[in-house]
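Just dropping this structure here.
We call the chains A, B, C and D, going by the order they appear; numbering starts again at 1 in every chain.
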């Protein structure tokens, strides 16, 4: 069974991506034009709506959206202006394909990059209530937020992500770069993002 | 003498809980769907309006409220949709019963969890003007913000709270978890919350 | 030559005090009901409009204002509801009388109390451009922000202020308490407050 | 080929400068009346619209703008009220002339002054993704944010800027003072400013 992304679906996703981007911008997690968000529009074939490249994430319109396939390359959709997708769209697609998540968030939250610096082999968290916010347990559950090395090659970065991926943990830190999180929808991915950021800030504060 | 919660009272409380929750969310103290707020609707029998479980605390409507009894279990009220109360409603009810407070605030303020980590036996404060904001003295008054161990069992957590409770101090830290505060109404509980958070940030800053 | 405060003048001042208070509340400098602001309404006799006691500083109306004389005691003004002035109104009046400033700001900025803890004999600043923002020089000008001991007795606190006062420096830290600043009007006092807070944050950051 | 600044062009620039200034004020980077922004109105002769001196940068109107020439001195433009330009307008003009940038941003971001204190010979950055946000590479590209000594003499400061200037790096820190950044327009200069501030905060955090 296959379906096709429609302009209506893409623009509706674009509106949600714009609203979430403005929120993260307000947190200071998308400085400059950094970071990007995506939502799966269709699964078969895999198509994602992803924030367009090079724009201020606090000022996006619903139309500031590109459509990409599994490799992150732009895909034409009738009625959607073909904008340049974020260069990192390939990793978004890889995350969506591997995890089954329909929403992927990538932000340059300072705490994530600082944590990646302090714990290059991954950030170990345990016995904190907020772990429940990312689907883990508040007690006796050892949680590792993976840290993978940065790359400009999305295939390489995707391979590193795949090697580090633990289905129980909806987040990964890209060292010297930023944070990726995911969830069944943008609101749930937001909650994961906020909780991971809180947990990393906490880990840094008590270091 | 007994009374019964009405839908009107519950929804009015829900509106106030939503407004306060949005405020704390703006402070970054309710990341993800963390934290919960409550207001006593009736004392005999004890009934609390408490924020419903699993929602973004920055986006609550007046109707995103549940009614619970002394043990935190949901209680039906005519005209109020029976939402799932926060899992921590049992502790809210316990706090309200023991302290006589009509409003209880639970937030995941980072400073509270950091302070609980640094001072697991309680945070000792003394000779700070802001102590007046929680009903204590600015001079020669030794104030201990209790720190109790975390638990998912609200009876156990309630017992710990009761053992640590000092009627002069309207706040307790749950270690690795967050902060509980209370007051005669939500505005007064807000002022206590803000002052405790300030005091804990100060204690950490001069540590 | 003498004049009398009118209700119109007092309420106009109250509106300005409310707006400035909301701004400082947004900065987190007036947590709980802490801090208070004042404006001189008449000089002969000395009468100040000061924020009323015990209210949330982010929610003041123009009518949430009291009128006090040189000792901080409430003074009746026709057409103005006699609210309780802040307990610290006596120090505001003393500052206004001694410095000639027509606006006084008192906030519980965390950086001021932290700086007072680190440098109990005063915070020495020198060779920073932002010193120009408080009327000093950016180079070769040794600026001491005085730190005075806290007290609940406004006469005692006023005496300490007078002993520490340097006409070139429009700010004083009350240890374990907060910051006082002043200026010819509320906007100028705001600029002084912001610059002092920045300078203290800087001093702490490079400590 | 030469052109002349018109009142229409100057006021349009003033509106953009006011909007950007309000944004930076919201970030806490323009405390008091600190900082100033400019936009090139004409290149031949060089004329810049620059924020007027002594005003709150969160409350500027489009008319709160002055026009200056290459040396920072005010230049009369028909239909534009001759306000006093910022004292630092001379450095803005020098930056615009040397770099070719049409927009210059000067803010008192705390992280810039703290970084200037820690690294008085310049802040070395390398292998961070956010470097792409200032036009550099994320890998194997050694980036030095120059730090120059402060001065009240804009010619002296301009000479120091010129000596430190590297065309590949659109930012310079003035020690004990603040940050200068530039770009082809105010939005791009904003993105540079945000990314540099993020990078400096990161450098300080992992120091």
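Going forward, contacts are C-beta pairs under 8 Å (C-beta built on N, C-alpha and C of every residue); 3 or more make two chains touch, one makes a residue touch a chain.
This structure is a prediction, so every number in the text was calculated from the model and none was measured.
Enquirer: Taking mean CA positions as centres, which chain lies farthest from subunit D?
Expert: It is B whose centre lies farthest from that of subunit D.
Enquirer: Using Cα averages as centroids, what's the distance between subunit A and subunit B in whole Å?
Expert: Here the centre of subunit B sits 32 Å away from the centre of subunit A.
Enquirer: Calculate how many whole Å lie between the centre of subunit A and the centre of subunit C, each centre taken as the average of the chain's C-alpha atoms.
Expert: Each chain reduced to its C-alpha mean, subunit A and subunit C end up 46 Å apart.
Enquirer: Touching at least two other chains at once: which residues of subunit D meet that condition?
Expert: Correct list: empty.
Enquirer: According to the definition of touch, which chains form touching pairs?
Expert: All touching pairs, sorted by chain label, are A-B, A-D, B-C, C-D.
Enquirer: Spell out the part of subunit B that touches subunit C in their complex, as residue ranges.
Expert: Going by the criterion above, the answer is residues 127-130, 133, 138-139, 187, 190-192, 194-195, 197-198, 201-202, 205-206.
Enquirer: Within the complex, which stretch of subunit B touches subunit A?
Expert: Interface residues on the subunit B side: 28, 31-34, 56, 108, 110, 113-114, 117-118, 150, 152, 174, 176-178, 204.
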